[in-house]
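I've put the structures underneath this note.
Look for chain A in each of the two complexes below; its partner is chain B in the first and chain C in the second.
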Partner chain A sequence: MIQIQHLSFGYNKKKLLYKDLTLTLQSGSIYGLLGKNGAGKSTLLKNLVGLLFPKGGSIEVNGFDPRKRQPSFLETIYLIPEEVYVPALTINGYQRLFSPFYPGFDSAKFTSYLEQLDVKDEGKLNTLSFGQQKKFIIAFALACNTKVLLLDEPTNGLDIPSKMRFRKLISGIFTEDRMIFISTHQIRDLDNLIDRVIIVDEGELLLHASVGMIAEKLCFKTVNEIRDPADILYKEESLRGISVVIENKHGEESKVNLEHLFNAVTENPEKAKAIFQTRKNS
Partner chain B sequence: MNNTFNARRFGFLFRKTLLERPVQIFGLTGLILTIILMIYFICKVFFGFGPAQNISFIWGLAGGGCFLGSFMFSYFNSNASGSSYLTLPASVFEKWLSAILIAGILYPLLFLLFFRAMDAGFVALYHRGLDATSPLYKIRYDQVYLFSYTGQIAQKVYLIFFMFTGAALTGSLYFNKNNFIKTALVFCVVCVLAFGLNWLMAVMVFGEVRDAAPFHYVEVTVGTGEGEINLPQSAFDIYGIFGDYFFPVLLWSIPFIRLREKEF
Partner chain C sequence: MDFNENKAIYLQIVEYTCEQILLKKWTLEEKIISIRDLAIMMEVNPNTVQRAYDFLQQLEIITNKRGIGYFVEADAIEKILSFRREQFIENELPVVFRNMYLLKIDLTEMKRQYEQFVKDNFKNK
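Right, the complex of A and B next:
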């Protein structure tokens, strides 16, 4: 479990990126952290893993204080950054040097993940393409079997088949005692993958809800004309009509469109917060 | 689980540190030793054995150690490698110790062994090349001898090594990119400031100053005469404790504190 209490963080003392953010994240969920460029998604992940320290408030990850960077904490969490690092080693060499640090590392699963992601043993890792390097690190991170897995823009640099394989793999490895936290601005890549959505903008928590709750509170549909513009949180004209996001007052069933949800929430933050009753203490 | 030190985990870390970047660590060490061999040989040809031994010992131990030290924490020149290093499940103490062991113990040991072998080889070649029947044989034989590891020069070089390598290790955790150059610049600025301020103060106190070294002496001109004012022995002893022990220990300890507090 991750508990963020009144977190304040900023690279500049005068301009804080997060102010008084409180958030509780439970194991057994795949979280999607959505935000615009520069909204502070990577910063939040870095705070969770102990690469950055809160300026105020506290963070607790499975009972550990991340800023201490204790080995017993670090072997339970793995961060895949947007830009990955691979040294001039072969796959076997990397596994031999890095896997002993992770007690839960499963060599057979690692081989299987590499196969599933179509990563071939073709010499030194640093000579592979960026996409291949990223897939290698994803396979390694998953094989480490850490309780918390943080992925920062994991699909950046992956081709379309790889994105599909990635989604399949993440849903395949998910267990109730794990927490997967995916930060991205490529919202479509998370479709059918995440079960809880967190949206942050300008250091503020705009939404923290399960996909089920979102479907209950909002309605995503395409209409020919808009009757009551006041109800609209977001609209987008398409060939089939006008795609809208409105408050679900009549219990209609609809499929959550993450991209439209993101636009609806970031364009109408107050309205969204009122619908979802998002408080500072969420 | 021991979050400060675990021998097994430290073993994994040490192996990883050495083998993850073999070109940087082994390649650099090999390059330094090769350059030292060349410096020794060239200096021996042009200036003789004494300067060759001194120059190659200074550059090999202090220069090489300092250069290698700047690579120990050079993970921070990219976001990816810096994050990977800091989030690797090993303690700060183990990471610090691993760097200290390589730059502060293994490299000097390897260098001292190499230098002794190289020096012994050149000295033996010289001795073998002498004409044993010559009346000057004994004098010429005694003119060239092995560099002493316990001599005054060696002791000064050990101190320089500890200061420079400690500064390089510290600098590599403060400057993420081009840390060696930036640390060297800071070091130069500190030296210039120390000498400059010392000179300024000496001029203000004594008037005409010919030469001055911080915490050491001031040479002054009085009328037509010249004189040297030395730091009193008791003050010089205090300075000696700071210079010989306090500053080197400080420079080797700061990386531990900095690594613990480093955000990236």
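Right, the complex of A and C next:
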């Protein structure tokens, strides 16, 4: 479990990225963290692993304070950054050097993940292409079997078949006692994996809800005409008609479109907060 | 798998499962694919497949044998047909009726068309 309480953070004293952010995250879910460029998604992930420290408030990850960077904490969490760094080592060399830090590391699974992602042993890792390096790190991170897995734009740099295999890997490794936290703009790559959505904008939490809850409260559909404009949170014209996000007043079951949801929530933050009863302390 | 844009994913998984049983790809009273394997196959969150399987259990189409897995019920076909009939009457028939009304197609014409359709597609085969 991750508990973020009254978090404030900023790279500069005058402009805070987060002001009084309170959020509780549970194991057994794949969280999707959505936000515009510069909203502070990567910053939040770095605070969770102890790469950055809060300016105010507190963070607790499975009972640990990330700031202390205790080995017993670091072995339970893995952050895959958007831009990965690999040293001039071979796959075996990397494994020999870094896997001892993770007691749950599974060497057989590591080999299988590398195979599934089509990463071959071709000399030093730093000579591989960006996409191959990223897939290498993904395979290594998954093989570490940590309780918490944070991924920052994991599908950036992956080719088309790798994106598919990545989704299959994530569905395969996800269990009740793990938490997967994905920050992304590439919503379409991952939308059927995410079961809880967090939207942040301008330092504020706009939405924290399960996909089931979102489908209960909002309806995503395509209509020919708009009857009651007051109910509309978002609309977009398409060839098939007008795609809308409206308050679900008649218990319709629709498929949550995360892109439309994101636009609806960021364009109508107050309305969204009222519908989901998002409070400062949720 | 290609998902339809408008229908909740778990309901599309329910439909897929029913289809497999009706097409006899999944056998009555036999164990079906596990939640994890179906999630991997469809590239979805295992919780979504869990929700679909829970729904199918409520409809008594599948049953959970603790520690072993999910099995197709012996009378699953009848259960699926009655569920699908309800769905058809509730969701698809109103659209057909609306078009019949707008296009002034009466029931005798409809009956003739329907019988021709059955003859063309399902008889002598």
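The rule is simple: the second predicted complex is superposed on the first by the 282 of 282 C-alpha atoms of A that agree within 3 Å, B and C clash if a C-alpha of one lies under 4 Å from a C-alpha of the other, contacts with A are read in each partner's own complex, and residues count from 1 in each chain.
Here, a contact is a pair of C-beta atoms (placed from the backbone, for glycine too) under 8 Å apart; a residue touches a chain by one contact, two chains touch by 3 or more.
Note that this is a predicted model, so its numbers are computed, not measured.
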item: Partner chain in contact with A:215 - chain B first, chain C second, else both or neither; value: second
item: Partner chain(s) touched by A:275 [first = chain B, second = chain C, both, neither]; value: neither
item: Which of chain B and chain C A:81 touches, first, second, both or neither; value: first
item: First (chain B), second (chain C), both or neither touched by A:253; value: second
item: Which of chain B and chain C A:167 touches, first, second, both or neither; value: second
item: Contacts of A:70 with chain B and chain C, given as first, second, both or neither; value: first
item: Partner chain(s) touched by A:53 [first = chain B, second = chain C, both, neither]; value: first
item: First, second, both or neither for A:100, with chain B first and chain C second; value: first
item: Touching residues (chain side chain A, partner chain C) in the complex; value: 28-30, 164, 167-168, 171-172, 174, 192-195, 211-212, 215, 220-222, 253-257
item: Residue ranges of chain B in contact with chain A within the complex; value: 1, 3, 6, 9, 12-13, 15-16, 19-21, 23, 78-81, 83-84, 86-92, 94, 260, 263-264
item: Interfacial residue positions of chain A with respect to chain B in the complex; value: 46, 49-53, 68-72, 74-75, 77-79, 81-85, 87-89, 93, 97-98, 100-102
item: Contact set on chain C toward chain A in their complex; value: 3-9, 11, 36, 39-48, 51
